[in-house]
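See below for the structure under consideration.
The first chain written gets the first letter, and so on, giving A, B, C, D, E and F; residue counts start at 1 in each chain.
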Amino acid sequence: MKSERYKRGLEKLAEIDGKQGERVVEVLKDISPDFADLLIEFPFGDVYSRPGLDLKSREMATVAALTAMGTAVPQLKVHVHGALNVGCSRQEIIEIMIQMAVYAGFPAALNGLFAAKEVFDQRDAEL
Amino acid sequence: MKSERYKRGLEKLAEIDGKQGERVVEVLKDISPDFADLLIEFPFGDVYSRPGLDLKSREMATVAALTAMGTAVPQLKVHVHGALNVGCSRQEIIEIMIQMAVYAGFPAALNGLFAAKEVFDQRDAEL
Amino acid sequence: MKSERYKRGLEKLAEIDGKQGERVVEVLKDISPDFADLLIEFPFGDVYSRPGLDLKSREMATVAALTAMGTAVPQLKVHVHGALNVGCSRQEIIEIMIQMAVYAGFPAALNGLFAAKEVFDQRDAEL
Amino acid sequence: MKSERYKRGLEKLAEIDGKQGERVVEVLKDISPDFADLLIEFPFGDVYSRPGLDLKSREMATVAALTAMGTAVPQLKVHVHGALNVGCSRQEIIEIMIQMAVYAGFPAALNGLFAAKEVFDQRDAEL
Amino acid sequence: MKSERYKRGLEKLAEIDGKQGERVVEVLKDISPDFADLLIEFPFGDVYSRPGLDLKSREMATVAALTAMGTAVPQLKVHVHGALNVGCSRQEIIEIMIQMAVYAGFPAALNGLFAAKEVFDQRDAEL
Amino acid sequence: MKSERYKRGLEKLAEIDGKQGERVVEVLKDISPDFADLLIEFPFGDVYSRPGLDLKSREMATVAALTAMGTAVPQLKVHVHGALNVGCSRQEIIEIMIQMAVYAGFPAALNGLFAAKEVFDQRDAEL
């Protein structure tokens, strides 16, 4: 039986991206179903569910961090979707990525913009 | 004579942190005054001056990125000051740092929180 | 009232380093007591408490990772203590750090060795 | 004529992964055969051949570090193979990757698990 | 109308790689044409146009940094082209990458060499 | 008895910085004298001793990489000394650091410039 944290995490994840929760569980079921639980419980059940920072600001912070780090392109795309789903505009996401040129260099910003473009194109194609 | 970008950058920097502009110029004058110019012109004159993202969101994105990167503690402190100056609450900054545990690990979040505490203490002492 | 995960985490942390749990709570109490809870609950209550990998191997993995990352010297020292407390020899820790020269470069290995030396010296002084 | 270190390195590499030594020499022969020599001599002839840490612990340390760094997926896969070849269980490798969520963030752990899954699937297909 | 910096940047970029300037503008036109401007103005108009360091040394420094960072393979390939265009030999580029094994580890050097090989092969195919 | 590589490495290190070799041996003698050997043998005996790239270019590449990585300030200072010793001008070092703002962000460049200033000041004080 899943914990309260898991349920809260799954709800928060659904609020950010309806399909993402099932996808995470699915993709991890053959390698580590436990990690799917931890991924729903800690980031979404414990952290994103906290008061004190609105969901849009949380997603913008994550987009900024993942763009700057440059080591997590698949997760960056997930959070570009998430940011759009909770109220960020495309322009705001682009501005964050441009700004990351200042802190993490132009290649990081460029690779972030390319990831954003893929997400935007995918969403346009799904309309 | 300084460029329009320089003037715009200096104004933007003053809007974020009145004393910071002079400090940057001062600290770089013996090693590379040119870099002080570039630092005011590009990040502040070109990027922070762009429309499309409010200043508070810009500072939150920077706090998130520098916390996640973990290689720029002095600059992180400058931007904790900046974030507070443009309307972030201490709680919002703390939440961003806690959230970075998810994306960059607990040590990055912890070192970010310690940097934030130093800034908060300094501001309390200056009251 | 603290959760079961918190209690399990605190016990695991005590098993690794008796004094560390209190120190973490103490050091975070003025900036984010919530983060102290999360730090005990997730890393120690959820992860280190898992079966499937012995505690000595867990600490060696952490020492390897923090040495390679090079962005978390205070936490590396904590885990050099932890590794020694759960049965690693000094020689094993030194070997891990030397090996990190292969994967993260000589500066990372060197800075890891200096951190280890500080811990070893501190423990010798406390005898 | 190859050095003693080269021969020792090639033997150590064969002990970790019989086919890997030839593959490295092959893949580098058109770009830098010298680097193939250095790669066999220093990491395997000098470092992995050292006493003081068993080969299984060495491979676990490497898997931890490369998962945390997130910049070397092809090399991570090589060392997931290596770890399995010298006695790590799949479960131990998965546990190391889950643990890296604590130190390097959830994306690093997730990308490590996906790399491990590829290696596990490849080994299953070769049975 | 484009600024003087833009024109100077475009010229400098043409000096490094005739086709690269148009390609950057092209690839960014659907996601952020403004970032194409910034990319030509700051790196090439402001930085590469500075006196005090010859263009060959500038490209070698960039190849070294991007190889060490390991997060920007597409940009590394662009600058391997650039380095060759401004007078670096293939051997010099290979030596820089081998040297990065010392500072950023063998995987960084290896991935750099693979990127270089792709560029060399592409140039050979275009002859 | 030390190997040929060790002797070659020590000579190369002396060519770069007369006092550095002894200092490295000294500082590592209480934690890992073996690592002092490896540090002289591989980086200096194997890599810096290779033909195909002049010593000045090697030091410039190292300064660029360590500035961009931002995790190795003590080693960056050693190589600012080294670069100056083998013929780089202060201006060339400053230019490399400014250029790193493009690839690794302004904080990396700024922290590099501060490290360079410390080295320059130390050398001025020793005159």
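Points worth noting:
The working rule: a residue touches a chain if its C-beta (ideal position, glycine included) is under 8 Å from a C-beta of that chain, and two chains touch if they have at least 3 such contacts.
Everything quoted here is computed from the prediction, not taken from an experiment.
Think of each touching pair as a link: the shortest run of links from chain C to chain D has 1 of them. Touching chain B and chain C together: A, D, E, F. Of all residue numbers used where chain D meets chain F, over half belong to both copies. The two sides are thus made of the same residues.
The greatest centre-to-centre distance from chain F, using averaged C-alpha positions, is reached by A. Compared on C-beta pairs in contact, B-F and A-C come out with B-F as the pair having more. With each centre defined as the average position of its C-alpha atoms, the distance from chain D to chain E rounds to 30 Å. As a whole-number value, the distance joining the C-alpha centres of chain A and chain F reads 40 Å. Among the residues of chain E, those touching two or more other chains are numbered 34, 38, 42-43, 47, 50, 66, 68-69, 71-72, 75, 94, 98, 101-108. Considering their complex, residues 68, 101-108 of chain D touch chain B. Within the complex, the chain D residues that touch chain F are 34, 38, 41-42, 46-47, 50. Across the interface of their complex, chain E is touched by residues 42-43, 47-48, 50, 52-53, 57-58, 60-69, 72, 75, 91-92, 94-96, 98-104 of chain F. The touching residues of chain E, when paired with chain A in their complex, are 28, 30-32, 34-35, 38-39, 42-43, 66, 69, 71-72, 74-75.
Interface residues of chain F facing chain B in the complex, by the touch rule stated above, are 69-71, 94, 97-98, 101, 105-111, 113-114, 116-117, 120.
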